[in-house]
Amino acid sequence: MGEFRMPSLGADMVAGTLTEWYKHPGDQVHRGDIIAAVDTDKGEIDIEAFEDGVLERVVVGEGEKVPVGAVLALIRAAEEPGTVSAAPPAAPPAPAPAPTQAPARAEPSLPASEKRVRVSPLARRLAAERGVDLTAIRGSGPGGAIRVQDVEAATPVAEAAAPVAEGRQDRMRRAIAAAMARSKREIPHFYLATTLDFGVAQAWLAEWNAGHSPTERLLPAVLLLKATALALREYPELNARWENDRVIPAGEINVGVATYLRGGGLVVPALHQVDRRSLPELMRDLRDAVQRARSGNLRSSDLADGTITVTSLGERGADTVLGVIYPPQTAVVGFGAIVERPWAVAGAVGVRPVLTASLAADHRASDGRQGAAFLAAVSQLLQSPERL
Amino acid sequence: MRLTYREAVRTGLTQALASDPRVFLMGEDVGRYGGAYAASKGLLEQFGPDRVRDTPLSESGFVGAGIGAALGGLRPIVEVMTVNFSLLALDQIVNGAATLRHMSGGQLSVPLVIRMATGAGRQVAAQHSHSLEGWYAHVPGIKVVAPATPHDARWMLPAALREPDPVVIFEHAILYPEEGEVGDEPGPLPLFSACIRRAGRDLTLIAHGGSVGKTLAAAERLAGDGIEAEVIDLRSLRPLDGETILSSVRRTHRAVLVDEGWRSGSLAAEVSARIMEGAFYELDAPVARVCSVEVPIPYPKHLEDAALPDAERICAAARDLVGATAGARR
Amino acid sequence: MVPAEATAAAPPVPDQATARTWLGQMLLIRRFEEKAAELYSAGKIRGFLHLSIGEEAVSVGAVGALAADDNIVSTYREHGHALVRGLPPGAVMAELFGKANGSSRGRGGSMHIFDAGRRFFGGNAIVAGGLPLAVGLALADRMQHRPAITACFFGDGAVAEGEFHESLNLAALWKLPVLFLCENNYYAMGTALARHQAETDISRKGVAYRIASAAVDGMDVTAVADAVRAAVARIRSGGEPFLLECRTYRFRAHSMYDPELYRDRAEVDEWKRRDPITLFTDRLAREGVLGEGEIEQLDRSAHSATEAAVAFAEAGGWEPVEDLAKDVYTEAGNAPDVP
């Protein structure tokens, strides 16, 4: 059994905090695979496996800080016999993952008079709602108890059957799929884009950051979020829900920030009342939300409260992002990469940092005129970054 | 700011003493010794012997004196070294602090904060390893909280001092050296609310104090098996935040309660009953409990470990509950 | 237990006005409690009812010697303390009835009479439970530089409790202005002093804690008043606690439901010969301070005050059941700030 240890990534590294496991017990790993992320005094670093095999057991959980050399996980070489389990050796064998293979529990033999059908309260309620005959169902729970999935399985609903043994990634992919499909099915999108001069903003940022410690420095994203939120005050139909054939302005401006997760997938935690937050506060909110998103610690309010979405693929090199609206919101704003381009200012051509801001909006809630004016307002606001 | 739980408690005490002249700290060895768990180290030098007051080993006497001082207009923080010794002061807490307001027809209030260490896990044998916070949570008239993180250890104290009624704060002894992030402000959570430490949708794990860490570790392991456990830190044991508990169970349909107290008559029993009362028709499996084995906590490590809830037992209970078909219905 | 005759010469009788006050208060307690016993038998008062008949001189002599700012911590046999402190007899009687116009809105009953404004902190029904509270009240006064002292009543039974010893030690160690007032009626419920204490001279218990102590004839109101005045003066000037043992006797049972198997009728009769009211009235008459007519007049006043108190209690309403859970906790923003 190979021991996967906390690596020494520098002479001055004494310990690291395991922040994320990318591989889980039972996963195949190959030499060179990135299997975990570790936070060190110098920042977060992906660490790799040095052998082939199957991740047998995770010893150090996410969030734990351990010294260099500590065993993080056990990797079973391909030819070793497996112990099957994802659990520590002392634990009882873990249950099999597939729903179709109901566990072969010994059914206690009861006298006929006591053969009462055992039904969970939730299953009983659902069965009543759907008019399912419980005596016709075979339960998959302990002692043959009927659980909610047994009732669901017996109900002819239109939903596609869930894929077998899905993981967190699969579930997230499916959630994204459902939301985006619904959006494209129901929402008539229209798209607008404008390229704007980011020069003044960039110079202002450079000056701010020079005068502040690394923890207080601001990212361009913060200016973009604040400008978006301030501009939205004038265009409530973009910061709204479409419900029952009418537009319902959201009131607060809570901007969901599309956040890509390391292992794949995407979540959109909301920053609250962005138009009322100072830039340093917003920076803190953003850092906090992204960190919690990546560590899987989002609160339900993070995910439910967004009133508009901002997506930025600039860091990944795309110039223009044309987004898909996250229902029931009515707009998504996209920001592309900040790139240097020839740019005419006062009749002369110079090289300026520019960026393309885009808007995808729900045509039921707003029209192109408002959209264009909104983008112009964002651009205008970014020309006076000190006022954001 | 990263602080140990111990430093967080000390920071809270320092700020409380510095900001309100009515506040004083009293208890066994809080002054010259610096606190049995070093939570008050250095405070005697800073605030003097009147406000960081060493007491004789007279738990009933000085807890009662704390009640009297609160009646007399002060805001005492009484440290009872551990919950084990607090049994000598139960009369004052249960017959006194908890009853005075009601029994006087609302004429008196007792703005008293009592802090005590609780819990097992340090091989200190039966008489130093009790987890009796459930007993206190049984008693109307007092409020009971259990900070599980340095942040809560820092900020629950000033919030408790703002309460007009007695508040008992339980600090699990294994937490003192634990490090964690402590914010500059208490944050949006009210003192008497639970919080979701980890979101999940397959089942809800409910713990408090020293069990929260074990429970989060268990949730992490379960995630490896594809079981997404939600972890609730109760934070407040009286009042209980039923809404957070019930809304989570209504989503996950399953609950495992983790409590270092003994199972019979435990706080876990109370939470379980609340779930039955408020979410019975949402349950898809019986509520399960992982509590301490019903023995006086023994000294040798292997026996002590076997007596206490751990991540393994929590995982086993969770797997039992979710069964082989986790996630299948979604 | 045989009544001790006064060992020292009794202090001189007070002036006429004081004599009238003291006698009036003793008579009020006596008539009030006799009426309470009657109403208990009639079912108007329930629960536990502990009467202090026979012990009135202690209530009157001790409470009368305190200042209005001083704190009082009392026991479950506290009707006398409360009445002398100035709680309206009607509010006390209504509390015995459990009515909403009682001093604790009926929540406490006979054993839990409180009056925050008069600094009367109960009515504690746990033997010795009030002593630590008194230490804390005195600590608060000391730390806030207030001149008040705290008088703490307890019985001889409390002396066996750990809280007695813890509190004496704390008060002495921290030099706190507490007057520990032991009402020694020679019985802890039904257990005679000699059957529960190795050292039956309670005033000597202070020695181990370096607390100045004295014992006084608790049947003689002038002696109690004198001793308490001296003790209070000493506490105020020296800032240290004092233990005063008042030797007294209850003429009635421990509580209403008590066949008194533990003491002889003869012993009770012996003590009744030293009834504090009789002792005082005899002396006042003998020394010509108050005439027969005046004494009778005071007794009529005590009767009529008692009748008025009963009428007040009868007229009171019951706390609505909807308010059952009120005052378990302070409602937000409604915390009384007792200084």
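Per-chain residue numbering starts at 1, and chain names A, B and C are given in the order in which the chains are listed.
Keep this in mind: contacts are C-beta pairs under 8 Å (C-beta built on N, C-alpha and C of every residue); 3 or more make two chains touch, one makes a residue touch a chain.
If you're wondering where the values come from, they're calculated on a predicted model, not measured in any experiment.
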Counting only C-beta pairs in contact, which pair of chains has the most of them?
B-C
Taking each chain's centre as the mean of its C-alpha atoms, which one lies nearest the mean of all protein C-alpha atoms here?
B
Per mean C-alpha coordinates, the chain lying farthest from chain C is A
For chain A versus chain B, what separation do you get between their C-alpha means, in angstrom?
32
Chain B-chain C separation of Cα centroids, rounded to whole Å
41
So, in whole Å, the Cα centroid of chain A is separated from that of chain C by 70
Listing for chain A: what residues touch at least two other chains?
none
Chain A contact footprint on chain B (complex, rising order)
179, 196-199, 216-217, 220-221, 223-226, 228, 253, 280-285, 312, 315-316, 319-320, 322-330
The residues of chain C that touch chain B in their complex are 71, 73, 102-108, 112, 114-116, 121-124, 126, 129, 131-141, 143-144, 150, 162-163, 166-167, 169-170, 173-174, 326-330, 334-339
Which residues of chain B touch chain C in their complex?
24, 50, 53, 55-56, 58, 60-74, 76, 88, 91-92, 95-96, 100-109, 111, 140-141, 143, 164-165
Give the list of chain A residues in touch with chain B in this complex.
21, 24-25, 58, 61-65, 86-88, 90-92, 94-99, 101-103, 120-125, 140-142, 147-149, 152, 162, 164-168, 171, 296-300
